[in-house]
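Paired with chain B in one complex and with chain C in the other, chain A is shared by the two complexes that follow.
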Partner chain A sequence: MSDDKQRLAGELQRHGITRRAFMKFCTSVASAMALSPAMATQMADRLAAIQRQSVIWLSFQECTGCTESITRSHKPSLENLIFDFVSLDYHHTLQAASGHAAEEAREAAMKAHGGKYILLVDGSIPIKDGGVYSTIAGMTNLDMLEHMAKDAAAIVAIGSCAAFGGLPAAAPNPTGAVPVSDIVHDKPIINIPGCPPIPVVMTGVLAHVLTFGIPELDGMGRPKAFYGDTIHDRCYRRPYYDRGLFAKSFDDEGARKGWCLYELGCKGPITHNACATVKWNNGTSFPIQSGHGCIGCSEPDFWDAGGFYKALSTGSANPGSWAAASLAVGAAAGLASGFLNKGAKAEAERKHQAITVDDMRGKSDE
Partner chain B sequence: MSPLSLQIEVAQPKTGMARAVLGELLDHLKIFATSGLTRVIDIQGLPLSDADRDELTGLLGEGEVSAQLNSFGQSQINETRYAGIWWLRHYTEDSALLSELIEITDMPDILRSQQADITSAIEHLAQTIGQQAQENKP
Partner chain C sequence: MNEIELLNWARGPGLTYATIIMVVGLTLRVFEILMLGRPHEYAETRSSGVEDGIKMVFKRSLPEPRNWKRITASYIFHVGILIVLLFFIPHTQLFRDVFGWFWNGWPNYIIDFFTVLSIAAMLYTLVQRFTDPARRILSHMSDYLAWLVTFLPLVTGYMAFHRLGGDYTTMLAVHILSVELLMVALPFSKLTHTVTFVMSRWYTGSNLGRRGIKS
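Let's look at the complex of A and B:
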């Protein structure tokens, strides 16, 4: 087999895909990744030249939502072809093998591609009581991650659980759940948070790793191309925020007119993600477009950071990780005072917050 | 029991973004005219409401050239009424919008025949000529 046939270019040619079609695909990926148009051409050249890449996917304390999301990546069928081209050597949900055969496949892939495979991880890792709270084939998640990370070229932590601990790490964190970055310290780790992450963000980052290597990351290990802006930065309702036009409840005139949802608890201003531009369900919409505020699912500790329907200006239970203060001041200072006076109640609410109809109407602090 | 139908309409009025984009386009067009520096704006990356998008489409209008690309789904490529400003819409094979771009250039690159395709065209054309010669042998 000639060298070219082992490369993606050969695979594309066999499927009758022209260079122009491939350019079209790369233009779309590059624009989704906020790369310059010149990069689209480079991306096409490099993608065409990639060889089969071994990918090992480990699922730990997770709900399979991330896998559900990536397998529903509607974006072009050409993209599917590229990910068919990737050799997914181990994935609980998608692989045909089970039991010992599956675990042997994982070990075999690790040996065959030592130092070269990309390790994808979704789910957090429980470390309390020796990690007994989640095991696969008798092996704790902790042991498996340490074992598999050893020979990986890079690790991609998919979803908020693998990136930041996510729901399993929510107070009181009964299993001692931690993110990948708490366990592995000597490998490059790319965090792709979100609950779940946007499909094209996952596949786009993978395409970037295959072509240009590790993308530029921010201080939390997130690719800047997708997580560089906040939802608020790119929200089509932003002009209303700037003009001070806010919906006060989910059924008032402001809500019907499509005004800013800040006072109804939208976490857009402190949430770094690409939902406002890439959108969901094949680019159809995103939460704010359907009239609900952002819940900040791609930020650390989002589950413990105060109610989803509490305006950011009312303070959050975990201000350390949510840099809300600077944004909060201008918009709704009046709302802040009532909440802060309820010290004991706020503490109780922090531990167990039930959402009431009044919350939904934006009246919780009256 | 009749099916529950829930109709939610969230208004998406004009926010003024379309005019802001026009100003940006004018700057890019001036730069292109003097330096030849092309530019691509990703429409999906802009915070536009549906009304903003309609306004922008209306303001830019349609110009002299309209091309359709049939390559892994359709693409519609139109020059706007302002020469040098092109509006590109790429669709997937199942007609979903893949990307939407405004290009400031004299000719969007994707319209040109690509080198790799020309190379394989040479191969195919030579094959065809070979086959023709076989078939027409006395």
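Let's look at the complex of A and C:
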């Protein structure tokens, strides 16, 4: 068996992908990740030369939306091919095997590629009551993650649930759901949040990991290349925000004219993601372009931030609801304090004794 | 705690706590002051004092010729802060959310202009406090703190809007927290004048009027 078959270059040739098309892909990934143009060539060379990389994908408390996202390209793309090329040794949804065979494949891959495989995780991990709320083949998610993370080279937390807890961790978090980073502390973790993440962001980060290793991450473990800017920073409606032109409802004149959706609850200003530049469905559109504000799905706790349709500058709990009670309490306390003061004053007046010159003289005589 | 958690706390529990402390505190202070009543008048009063009281409320708002620079600066930042507070569009959203109704905001460049103007005016009043010997003696830590908690929301708001000082999320959280600090400080400092200035002026004016002193 020639080595070429095991390398990406050979795989691409077999699929009829020209070097030119491959270079275009590498250039776009490199530019999306803000790497220098020279890095595109390097990325192409390294990608072409890489061995099949063992990838184990664990799905915990999730909705399969992340898998849907990564597999739903409208045409067979290079991103797909590269994803096909990695040796996806275990993935509930995509693998043919099931039951014991599937679990054996996971164990086998772990043994064969110990210390070298990349662990992809989507979904959060329930830890309440010993983690009984989600099990696979009788094994809790918690046990499986700890077991599989032991020999992983790196962990990629795909989607907001794996990265930050996501929907399962939203208040009141009945299963005690936590992100991967709460459980694994001794391995590099790359967070690719989003509900779901953008396909090219997932494949771009994987390409980077395969060629140059772990990309530069921000304070929340997100690759800076894709999560460095906010939606608002790159939004084509930004000029309307700057000019103070806002849609007031979803079907008013402002909405039809494409004005800023801030007042309708857009969370773009605090949401770090690449939707405004990379867009969705092969660069067709993104939520704001279709007239809906950003819900901030790639940020932690976005479910509990007070509502998707409340402007960012408003309180997440209405402080006004406390105002009437506060007024009453303040007034009662003020009245009570006032009466105490009056009482103290009256007491002082009652105790006040006038001193006459005779009194003073009498005292000094003693 | 990451920046989003900080922001969520500031927009959620933080804002609620600050509102409760501010409303309870201010109501308490106003009731306490009202219940103090007037001292006993030993002399016969010259007038009811109502007219003089009302006059004083407005008269004290008129600029005086002495030290016109400081007074102008003081005017600018009072008016500026009110404009920024009441007419910046994201602020109007907050008021609309709380009261169910509010007026429309003004374009950002106007708000920006008044923010810069207010910051400059406040800095000028601080310099005055330091450099003018009389004012320096009269100024205590509480005065500087009152200045600081008023100044912080302006500066942090400006920085957040212009994406200065790093991450916007953090800056927005810091801005909201600085406003909450101001809200908490309102009842417990001389900043209570935001709600008591009318009644305290009326009291002074009417007292003078009752004693027959020209106010």
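Keep in mind that, in the parts below, the second predicted complex is superposed on the first by the 301 of 366 C-alpha atoms of A that agree within 3 Å, B and C clash if a C-alpha of one lies under 4 Å from a C-alpha of the other, contacts with A are read in each partner's own complex, and residues count from 1 in each chain.
By definition in this document, a contact is a pair of C-beta atoms (placed from the backbone, for glycine too) under 8 Å apart; a residue touches a chain by one contact, two chains touch by 3 or more.
Note that the structure is a prediction, hence the values are computed from the model and not measured.
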Identify the partner contact of A:286: answer first if only chain B is touched, second if only chain C is, both if each is, neither if none is.
neither
Examine A:21 and indicate which partner it touches, taking first as chain B and second as chain C; both and neither are also allowed.
first
Could you say whether A:60 touches chain B, chain C, both of them, or neither, answering first, second, both or neither?
neither
Touch check for A:220: first (chain B), second (chain C), both, or neither?
second
If we overlay the two complexes on their shared chain A, which of chain B and chain C does A:230 touch? Say first, second, both or neither.
second
Please work out whether A:313 is in contact with chain B alone, chain C alone, both, or neither, and reply first, second, both or neither.
second
With the two structures laid over each other on chain A, which partner does A:270 touch: chain B (first), chain C (second), both, or neither?
second
After superposition on the shared chain, which partner residues are touched by A:262: those of chain B (first), chain C (second), both, or neither?
second
With the two structures laid over each other on chain A, which partner does A:244 touch: chain B (first), chain C (second), both, or neither?
second
Going by the contact rule at the top, pick out the chain A residues touching chain C in the complex.
219-220, 230, 232-233, 242-244, 246, 262-263, 269-270, 299-301, 304-306, 310-320, 322-323, 326-327, 329-331, 333-335, 337-339, 341-342
Would you mind writing out the residues of chain B in touch with chain A in their complex?
8-13, 15-17, 38, 40, 42, 44-49, 52, 69, 71-73, 75, 90, 92-93, 96-99, 101, 103, 109-110, 113-117, 120
Over in the complex, which chain A residues touch chain B? Could you list them?
13, 17-21, 23-25, 27-28, 31-32, 34, 36-37, 41, 74-78, 234-236, 238-240, 255-258, 276-279, 282-283, 289-291
Under the touch definition given earlier, write down the residues of chain C that touch chain A in their complex.
2-5, 7-8, 11-13, 15-16, 18-20, 23-32, 34-36, 89-91, 93-94, 97-99, 105-108, 163, 168-169, 172
